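Below, chain A partners chain B and then partners chain C, in two separate complexes.
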Partner chain A sequence: MPLSTQSQAEDEQYVLVASLDNARNLSNILRAIAFKDHAIFSATPNGLKVTVEDCKCLQANAFIQAEIFQEFTIKEDLVGFQVNLTVLLDCLNIFGGSTVPGVSTALRMCYRGYGYPLTLFLEEGGVVTVCKINTQEPEEPIDFDFCSANVTNKVILLSESLKEAFSELDMTSEVLQITMSPSQPYFRLSTFGNSGNAHYDYPKDSEMMELFRCTQTQTNRYKMSLLKPSTKALALSCKVSVRTDSRGFLSLQYLVRNDDGQICFVEYYCCPDEEVED
Partner chain B sequence: MEAPVVGTVLAKAIHSLSRIGDELYVEPQEEDGLALRSVNSSSRSAYACFLFAPLFFSRYTVPRGQDFRCKMAIKSVQAVFRSLASLEKTVEKCHIELDEQKNRLTFTLHCKHGLLKTHNLSFQDSESLQAVFDKDSYANVFRSQPRLLVDTVVHFPLSLEEVTVSVSDERMWFRNHVEDEAERSKAMLTELCLASDEFDHFAVQIHNSVTFCLKELRGLLVFAESTGLPISMYFDEPGSPVVLSVTDSVLEGNFVLATLSDDPKRSKNYTERAHTPPPLPPDDFMNDDIDSYLIAMDTSIAPGPSATGPPTPPFAGSASSKQPAAANQGTRLHSEEEEEEDETGDSDRPPNKKFCSLFFGSVLPPSSQMSTQPVTTQEEVLASDSEDDTEV
Partner chain C sequence: VVTTISKLTKMCVLRLTPDNLFFVLSGKVANGGVSMWCELSQLSVYPPSMQANFFDEYQMEGVSSEDNEICLEVTPENLSRALKTVQSAKTVKVKLTKKHCPCLTIAAELPTLSSVSRVVTHDVPVDVIPRRLWHEFKEPSMPDFDVSIYLPPLKTMKNVVDRMKNLSNFLVMEANLNGEMNLKIETDLVSVTTHFRDLGNPPWGDDASQDGGPSQRDLEAMAQARVDIRKLQQFLMGQQVNPSKAMCNIVHESVVHLILLHEDVSLQYFIPAVA
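Coming up: the complex of A and B.
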C-alpha cells in the first residue's frame, strides 16, 4: 500500500500516527457528533477521543480504541489538538465515498505536535491525496462530573425502538422530558408542542429493554435543540444506555458497530433545562 | 367516546382529508358512527367526509344523547399516524378517547414490544360542517375500480390545477383545463378517453362536461387505491358539484368538489347547451383513423338524455327524500363561521372562472339522521345555486 512506503525517518517526527484501511470507520462515527464545526482531539495509548460541545450544556464524545486502527503509534501520554471537524470530514470523504464493496479509502493520520497541522494521507485505487489541516490550541472539555456512583436511574434499550420514537418527536416542543421510575410509566419520553402533548412509554419488561435499573422517580426536561443532534448517533447505534444522576444530568451512551463489526462508543451529556420533581 | 380500532384505514382517511383542508372536524355520532370531515376553508370549493360505522370499531361508545363536535389542526392528527408503513407493522391497537372537560382528544396507540404512544390533542369547539348534496338525483353516475382513475390521472402533471371530465353515452374524456383561449395554443393539451366497458357502472343521462380541481380528487384516489374500494362518481350540470364516493359495509367516504360554472362565452366544445345539436357521428373507435377521431371529439357532445334508464344508486334504500333544487328559495343557511362570500355562481353573468361554493347547512338539532346523506330539516339547504333565482 503506497501509504506505508514512507521512510522511517519521517515517521519519527510524528507524535501520533494512526492508520485505517477503511477511513469510514472513523468518518462515520465522527459524523454522529458533528453538530459543531470544531472538535477537540485527545489521543492516549488507549485510543482516540473526539469531543464536540455546545453552549456549555451539551457534550458529545466519540471513542475509537487503539485496536480499531491498523496502526496506532503515540509517543506521548496525551496528545491534544483542536481542528475544524467539518473540514476533516470533507477530507476523509475526498474520494467521494464509493459504495462498491471492497473499495475503500485508506487513511494515515499524522501529527507532529504543538503548532503543526494535522496531516492526512488518503488513498483510493492507487491515487494518493495529502491534506494538511491547521490545528488550534485545544480547549479544555467541560467536565460534567458524571460518575457512576451518582447514577440514580439507568436503562439500556435496543436502538431500534428508540429510533422510531425519536423520528416522530414533536419538534414544535421546546423540551424533551424524560421520566424514569421504578413504577409506572417506567421510562417515558414526553413532548409539549403546539397541538398538544405526546408520551412514549417503554415498559420495564419490554423485549426492547435490555436493562432496567431505576431507583427513584425522576422527571427531567432537556432542550430539544440540544438533543436533536444525538439522533445521528442513535441512527448508527444498536444499543443505547440512558442514565440520569441525582442532579438530573443526562448521559446517553451509544454502542456503534463499524463497517468491520468492531465496537466503538459515542456518548452525549446534557444538562437539564429545569428540574421537575415528581 | 371510546373507540379501540385496529387498522390503518382511519389513518389513511385522515391523510386523505388533509388534501382537502387544514382542519379536521370530528363528530362522533351515537348511531351512525364517527364522522371525520374537512373543507377547503379558503374557497369552500371542496368538502370531504368519512363516516365510520360503529361496527368499524372493535368497541364504540358514545355518551347517550350528546351532540358533540370539535375541530383541530389536521397536521396534529397526522402526526399521530405519521408513518403509514410502520403503523401497519407496529400498531396493535388504537384507542381514541374524548375528554370534554379538558378539551382533549386522546389517541393511544398500543404498539409492538409494549411501547405505548399517547397523544393528547387539544381541540376547539366547532359547529357542524355538513355539505348537503343529493347524489342520487344526479344525472350521470359511474363506478369503477380505483386503478382505472389512478392510471388516468397519472398522465396529468402534479401541478395541474383543474381537469375537465366530459361524457357521452359510451365514453368519458379527461382533459386538462386551460384557462384562456390564448393559452390554449401554447399549452400542452392532454386528453384521455375511457370506454364505458372499463367501468363497473356507466350511466349517462346528460352529455356534459364538468371541470374541477384535480388535486382534491387525488386525495380520494390514494385512499381508494390503498383500501381497494371502488369509486363512484356522480355529476350533473357544470356548476353543480361532482361527488366521488367510496363505500363498504362499515365506512363511507364522500368527496364533494365544486365545478366551474357554465360560461356562455366559451361556447366551444365544453358546453352542453348546444342549441342546434350537430348530428352525432358514429361512435366507432375501432377505426384507428386519428383524424376522424379528432373530428368526432369536436362534435360528439350533444344534449339530451341518452337512452339509458335512471342510474342505479349504489346506496339503495336511502331514507332521505330528494330535494329538487328549485324548490328551496330564500331559505339558505350557512355555517356560522363563515361570511357569505360573493361566490354565488350565477349562470347568467359569471366571470371567466368561477367556482360555485358549496353551501353548508348548520344542522339544527335534533335531526334523526345525521349522516352524509341529505337531511330533511326544517330549513332546507341548497347544494348548488346554478338555477337559483334569489340571491342572498
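Coming up: the complex of A and C.
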C-alpha cells in the first residue's frame, strides 16, 4: 500500500493532510518540546504549531511552516486537536530511526476532523506502517501575553556559547537567575547550588552576541526544573533569542535547521519564580 | 550459537547424541510456555572438503548402547562467558568431567608472546538429567500450521517490535499464503499495523490447500496469533548473525513457530498465543 497511490476520493474526507519525505524533520523538532505527554496541535494554512504546557508556568511551541512539508493541504482555517505526544513520537520512529545515509522514513499525516483519530502512514524500504492515534478535544493554550511592545531586554546569541553554559549548570540550584542590563554584567546566568554560586557572563561585544538591545537592568529567577526541557531545543538550534518583558516573563526563541537545511522555530515562555522578589 | 541461546533462556538442556548437539527448552509455565529447540549437526551436510565440522574430535558415549545420548542441564550464560574468553585460543577442548559435581570443562590453549602457551581451564557446572526425564526433551514435531511464510529482514522486525513494545504488551502476528505478514497492536490510545509484503512462502506451505489447490481467496486468508511482545522481542534480540533462512509458521490462534537456519545450525522457537 504505497503512500502515493492513495486515491483522490480517500483524500476528500481528510481535513488536514501533511506529507514529509523524511519524518525526522518532524520528529526531531517535536522531541525538543516533548517534556509532557500531551500536545496541542494547531494547523493553519501557514503550517503546523505544536504546543506543550507545564503547570501553567511554562509553554513550549514548535512551528513547522507549510513549506517544510512536501504536501500540506488544509480544508479549514484552523484545525486543532490534542494527542499523546509520547505515542506520536514512538510512531514516527517506528522503524527505529536508522542512521543509514539515504534511508529515511516517509510520512503522511492525515486527520479527518473532530472525533477522528490522527492517522499516520509511515514507509521505509517498502514496508508500510499505519498508526491511528486517538485525539482529544484541544485545550486552549495559555496566552502569555508576551508582545514585542513590552519587551524590555533582548539578546540574540549563537547557541554554541549557551550550550556550554547549560551543560555545566549546577543542577542542585533550584533556580536559574538571568540578569540583563545595558551596563555590566550585560548578560549573566547565575545558579545557587550546594557547591556554591556560579555566574556565566556574556559581554555585549562578544562575538557570540549577535544582537544586544537592553534598555533596563533586570534580574529574574526562573525555576530550574521548568527550564531544563529547553536544553533539548538548545541542542538542536544554531541561534537563540532571549527576551524579557516588563513583568519579568522570559521568552526563549530557538532557530532550528532540520536535516534538509530548512528553518523551523521553537519557543519557550516561562513565568518568573514568584517567591523571590528582587 | 551459545550466546544467542543465552539471550533466549536462563536454563536449558544440552542433549548430546553421536551425530548432533541439541539445546532444548521445553514449554513449561515457568518460561511463559515458550519452547525452543536448537540443533547443531556434528556431521556436516556438506562434503568434508567444503566445510569443517564443529569439532575436530568428537567422542561421546551415552548411558548405554541403546540410549546413546547424554542430557545435561546447563546455564547457557555461564557456557557463553567461558567460551568468550577462549575465542582467540589455538585449540579448545570440551570435556564432561566430574569434579565436586559434574562439569563441562573447557580447556583452552591461548597464544602468548613467549613460545610457551598458556592453558586456561573453565569448569561450567551442569546437572545430569536422568534417563526417565529424557522424553521431555524430544525433538518437537512440526505443528499442523495454517500458514508458513518467510520472515522479513530480522533487523526491520526488531526495530518495529522494539517501538511497539513501548505502546502495548501484546502483539498480533498474522500472515497469509500470499507472502503478506502484518504485525498489529491495539490499545486505548493507539492502533499500529506494520505491513510486510512480497515475503514469499516456503514450498511446504501448500498443505492447507483443498482439492484443486488454494484459490485466490484462500491465499489471502490470514492466520493470526496474539503473543506477548516481550517473548517476540527476546527472540529478535538474540539474533547475532543473519540466518540463511528465516521462517514462521502460524497455527491460527494457537502458536507461532519461528525457524532459523544457518549453515549447520537450526533454531526453532515456539511462542504460544494468548487470549
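In this section, the second predicted complex is superposed on the first by the 273 of 278 C-alpha atoms of A that agree within 3 Å, B and C clash if a C-alpha of one lies under 4 Å from a C-alpha of the other, contacts with A are read in each partner's own complex, and residues count from 1 in each chain.
Simple rule for what comes next: contacts are C-beta pairs under 8 Å (C-beta built on N, C-alpha and C of every residue); 3 or more make two chains touch, one makes a residue touch a chain.
As the structure is a computational prediction, the values presented were derived from the model and not from experiment.
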### Query
After the chain A overlay, clash or fit between chain B and chain C?
fit
### Query
Looking at the overlay, does A:Ala235 come into contact with chain B only (first), chain C only (second), both, or neither?
neither
### Message
On the A-aligned overlay, A:Asn93 touches which partner chain: chain B = first, chain C = second, or both, or neither?
### Response
second
### Task
Considering only touches as defined above, state whether A:Thr129 meets chain B (first), chain C (second), both or neither.
second
### Query
Just chain B (first), just chain C (second), both, or neither: which does A:Cys57 touch?
neither
### Task
Once the structures are superposed on A, label A:Asn84 by its partner contacts, choosing first (chain B), second (chain C), both or neither.
second
### Message
After the superposition on chain A, what is the angle at the C-alpha centre of chain A formed with the C-alpha centres of chain B and chain C, rounded to the nearest 10 degrees?
### Response
70
### After superposition on chain A, the shortest CA separation from chain B to chain C (Å)
6
### Summary
chain A contacts chain B in the complex at 161, 164-165, 167-168, 170, 185, 194-203, 205-208
#### Entry: chain A residues touching chain C - in the complex, by the definition given at the top
1, 84, 87, 90-91, 93-96, 98, 117, 124-134
## Note on the structure
Interface with chain A, chain C side, in the complex: residues 152, 156, 158-160, 162-164, 166-167, 188-198
### Task
Please give the residue numbers of chain B that touch chain A in the complex, ascending.
72-73, 75-76, 79-80, 82-83, 86, 90, 104, 113-122
